[in-house]
C-alpha cells in the first residue's frame, strides 16, 4: 500500500532543502521523533516557510501571562471552527502535552464552553472566536470584558494574533490538504 | 476534589431506576466496563430514555449495506458540526473500535473531506451534512447523487434519519451539559 | 387526476401494518376523521415509527406547567425556522385547536415576536430558537432568563427537548417529502 | 379588552388623511370589506404612502406572462424568508384567492420546493430567493436558467423587482410591528 | 473600444423617454454635469422609475434631525453589506460632498465602527444594519437604544426606511448590473 | 484638534525602533512620502513586525504569472469581505497604482463580479473568496476550475496564500483599530 500523500503540492526531500530549513527540520525531528508534516508541506516554499515559522515562534514561544498550554487552546478552538484537520490534530497533541491533560484537547476542540477550563480561559476563547468569526465587530467592550478576567491589552493582542495567525494556517492546511502525521493522534493521551 | 458533574440536571442512582432502565444500564456496564453518561443523564426522564434508545437502536443496530462503522461516521461528522462534545467524544470512540482505525474519528470529526475514507463514504457524509444544515433544500438531485455511489433510497433514509436523530441528541447533550466519560477519550486509539 | 404522493418512500397499506401500528392509526383516524400523513410515512419503518411516537407522546402529552398549546407553539416556531411544510401545517392546526385561537398558528410560525402571546411565551420561544440554531452556546444565563419568567430547570428541559425532537422531525419530513393532509390547512380557523 | 395596536407608530384617522390617500383607502375598504393595516400604518407618512403604493401597483398589477397569482407566490416566499408576519398573512390570503387554491399559500410560505406548483414556478421562486439572499451573486447563469423555463429577461426583472420591493416591505412591517388584520387569516380557505 | 454597458437591460434614448422622466433627467444632468446611470437604467420601466424616485425623494430630501449626510451614511453602509457596487460608489460620492469630507465614504462603507463619526452616528448605523440583516428581531429595546442617543421614534422610522429602501435598490442594481458612472469615483475627494 | 489615533495600542517613536525596522520604515517613507500606519502599528511588536513583512513580501513581491495588480485585487476583495477598513483603503490605493486604473479598487472591493476585470481574474477572486469563507470545502474541483482559466497548482497556492495572509491582516487591523493614512484615500485616482 502506498503511503497517503502529505500535501497536494510537491514535497521536497529533506536533503535538498536550504540549510536553515533542513537544520530546523532535523532539530524538530530529533526532539519529537518525527517531522510534523507542516514543515514538509511548507518547505515547498522556502521564503514562506521562514516567515511562517518566524511568526509562529513570535506568537507561540513568547513568555507572558498567557501560558503555552493556553496558547494551544486558542489554536485548537480556532482550528476546529475552521474545520482544519491538520491543526486540530497536531495542536491537540501539543495541548495535551503542555497541559498534561489527556482530555483537554478534544473538549476544547468540540465545544470549549463545556471544557474543564477556567472561566478566564473561556473568556479568552470567547474573544478568540470573535476574532475568527466577527473581527470587524471587535471593540472596546470586548477588551473590557477581557480586563474583567485579568487580561491586559497586550494579552488581548496575543489572543487575537494567535487566532488570526492560525486562521491563516487553517486555510493553508485545508487548501494544501496537509495531512496530520499519524503520530499526533495518540500523543499525550 | 469533587468529580465533575455528569449533567446539569439531577442524575438518579442506578438502584432507584425503573427495572428496564437499570437492566439496560447494567448490561452496558458489563459490556463496556463503565456506564456512558448519556444513560445516566437521560435516566432522569424514563419515558424519554426508553424512546431515545429505542430510536437509537432502530437506526444504529439495523443490518444493511451501510456498515456500523459508517453509521458512526455520520454521527461523528454531524456532532462536530453541531459542536456537541459528548457525541463527538463518545461516538468517536465507537467509530475507532468499529472501524478498527485509531485515526478515523478525529479525521471525520474535523473535516471528513480529508479523511481516509472512500468517495462513497464522502458522498454519504455530504448528504448527512445537507440534512443537518439545509434539509429544506434536499431534493431528487441529492438522491440521484447518492445512487451514483450505490446508495438506494432506503439507504438515503438511513443516512438522513441518523443525521436527524443525532442532531436531536446533540442539542440535548449541549443543553444538559452532558459530560463525556473519561474512558471514551482513549478508547480504540 | 392522481392524488399527490404522501411521501417520497413507499407507504404501506393500513391492512398490512403490524397490529400495534394499525391500532394506533385507526384510533387517530377515528378521533380526527383522517390519518395524518406522518403516520403513514413513518409506518414504512415500524421500529422507527414506534420510537418516534413514543418519544413524541413523552414530550407532548406530559402534564406540567407548560400547556399543550404552548408545546405546540414550540413545534410551530421551530418547524418554520427549519422550513418544514408538514410540521408547520399539521401542528399549526393542532395549535389553533388547543389554543382555541384561529390566528395564533400563523402568527407564531412567521414571527413569534409579533404574536398575540405573553412575554413568558416569547421567552420560551427565544430559548427554543436558541436550541434549534445555536444549542452549543446554551448556558447558565439562558436558564436564568427562563427562571425570570417562572420556568424551572425541568421546564427548560421540556422546551429544549421539544425543539430538538421536532428539529429531527423537520429534517425527516423534508427528506421524505412528507405531504401535509389537506384537512389540516383549514382546521381550527 | 383594548384592540391590539396596528402599528408601533401613530395611525391617523381616515377622516384626517389627505384626499388622495383617503380615497384610495375607502376604495379598498369598499372592495375588501375592511382596510388592510398596511394602508393605515403607512398613511402616517403620506409621501411614502404614495410612493410605496405606486411602486406596488407598477409591479403587482402589471399585465404579462407572470400571472397575478405567481406574483403573490414571490411575495409570500420572500416574506417568510424575511419572517414578516404581516406580509405572509396578508399576501397569503391574496394568493389563495388569486390561485383559487386554499392550500397554496401555506405550502409556498414554508417551503415552496414542496408546494403544488410547476417546475417553472419553482425556478421563479429559486431566483426570487437568490435575489433576496444573495443578489450580489446573481449573474448570467441565473438568467439562462430562467430562460430554460420560458422566462424572458423582462420576466427576470419582474421577479427580481417584486422580491426586492417586498424585501423592503418586510423590513418596514417588522420595524413598525404592522399587524395583519384578523380578516386575512381565513380569507380564501 | 466600446463603452461598457450601463445595464444588463435595454436603456432608452433620453429623447424617447416620457416627458416627466426626460425633464427630471435633464435637470439632474444640468446640476451634476452627467446623468447617473440609475436614471437611465430605471427609465426602461417608466412606472417603476417614477415610484422609485418619488420614494427616494420622500426619504432622502426630507428635512429633520437626521442630516442629509447622515442619510447618505445609512445608504453607504447598507449598500456595502449588500455588495452593491453602484450604490456604494454613487452614494459614496454624495456622502463625501454632503459631509465635506473626502475620507468618510470609504470609512463608512468598509467598517463604520472605525469611521470618523460620532457615537450617535454609530448607533444610527447599528440600527440600520439590524434592519438590513435581522429586521425580524427589531423590537422595543432597539428603539430605546436609539433614544439614548437622542433619536425619536420618527427618526427610527427614517433610518429603517432608508435602510430598507436601499436594500431594495441594492438588489435591483445587482440584478440589472447597473454600472456606476466613472464620474462618481473621484467626486468629492 | 488632536490627530486621530493610529492604533488602539502604543505606537513607538521611529527613533526608538530597532535598526532593521527603522531602516525599513524610513525606506518606505522615502519612496511613498509617508509611513503607512501598518508599519507603525506593528512596530509595537518587533518580532511580529519582521515575520509579518517577510511573509508579506514573499507573497506580494514574488514574480510569476499572477501580476502584482492581480495580487492586490485578491487583497482588496478579501479585505472588504472581512470589513477591514485599513486594508481596503491602503491596498485599494496600491491596486489603483499597479493597475493604472482609478476605478478598479472600488469596483473590486464592493463586488468584483461587476468589475472591469477579465473572466480569468473573476475566477481567481472566486477562489480567493472560497478560501476566505469556506476553505474546508476547497477540493480538486476548485483547482480544475482554475486550470480552465490557465492557473497552475502553484498559482492556486499563491491565490490561497494571499487570501489567507490578508485574512490574518484583516483580523489584526480590526482588533488594533489600525487607521488608514489619509494619503491612501486619494492615491491613484
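Order as written gives the chain letters A, B, C, D, E and F; numbering starts at 1 within each chain.
The rule we apply is simple: a residue touches a chain if its C-beta (ideal position, glycine included) is under 8 Å from a C-beta of that chain, and two chains touch if they have at least 3 such contacts.
Small disclaimer: the values here were computed from a predicted structure and weren't measured.
J.: Using the touch definition from the top, how many steps at minimum link chain A to chain D?
T.: When the steps are counted carefully, the minimum from chain A to chain D is 2.
J.: Specify, for the interface formed by the sequence copies chain C and chain D, whether it is same or different in terms of residue numbers shared by both sides, with half as the dividing line.
T.: The interface is built from the same residue numbers on each side, given that over half of them are used by both copies.
J.: Can you check how far apart chain C and chain F are, centre to centre, with Cα atoms defining each centre and the answer in Å?
T.: The computed centroid separation for chain C versus chain F comes out at 50 Å.
J.: Chain D to chain E: how many Å between their CA centres?
T.: Roughly 23 Å separates the two chain centres.
J.: Any idea how many Å lie between the Cα centroids of chain A and chain C?
T.: About 43 Å, centre to centre.
J.: For chain C, which residues are shared contacts with two or more other chains?
T.: 83-84, 111, 136, 174
J.: Can you name every pair of chains that touch?
T.: A-B, A-C, A-E, A-F, B-C, B-D, B-F, C-D, C-E, D-E, D-F, E-F
J.: Which residues of chain E touch chain A in the complex?
T.: Counting only chain E, the residues touching chain A are 111, 113.
J.: Mind listing the chain E positions that touch chain D in their complex?
T.: 8-9, 45, 47-48, 50-52, 54-55, 57-59, 62, 82-84, 131-132, 135-136, 138, 143, 153-154, 156-157, 160-161, 163-165, 167-172, 174-176
J.: Provide the residue numbers of chain C that touch chain D in the complex, in ascending order.
T.: Where chain C meets chain D, its residues are 4, 79-80, 83-85, 88-89, 92, 102-103, 106-107, 109-111, 114-116, 174, 177, 179-180, 182, 185-186, 189.
J.: In their shared complex, at which residues does chain F touch chain B?
T.: By the definition above, chain F touches chain B via 136-137, 139.
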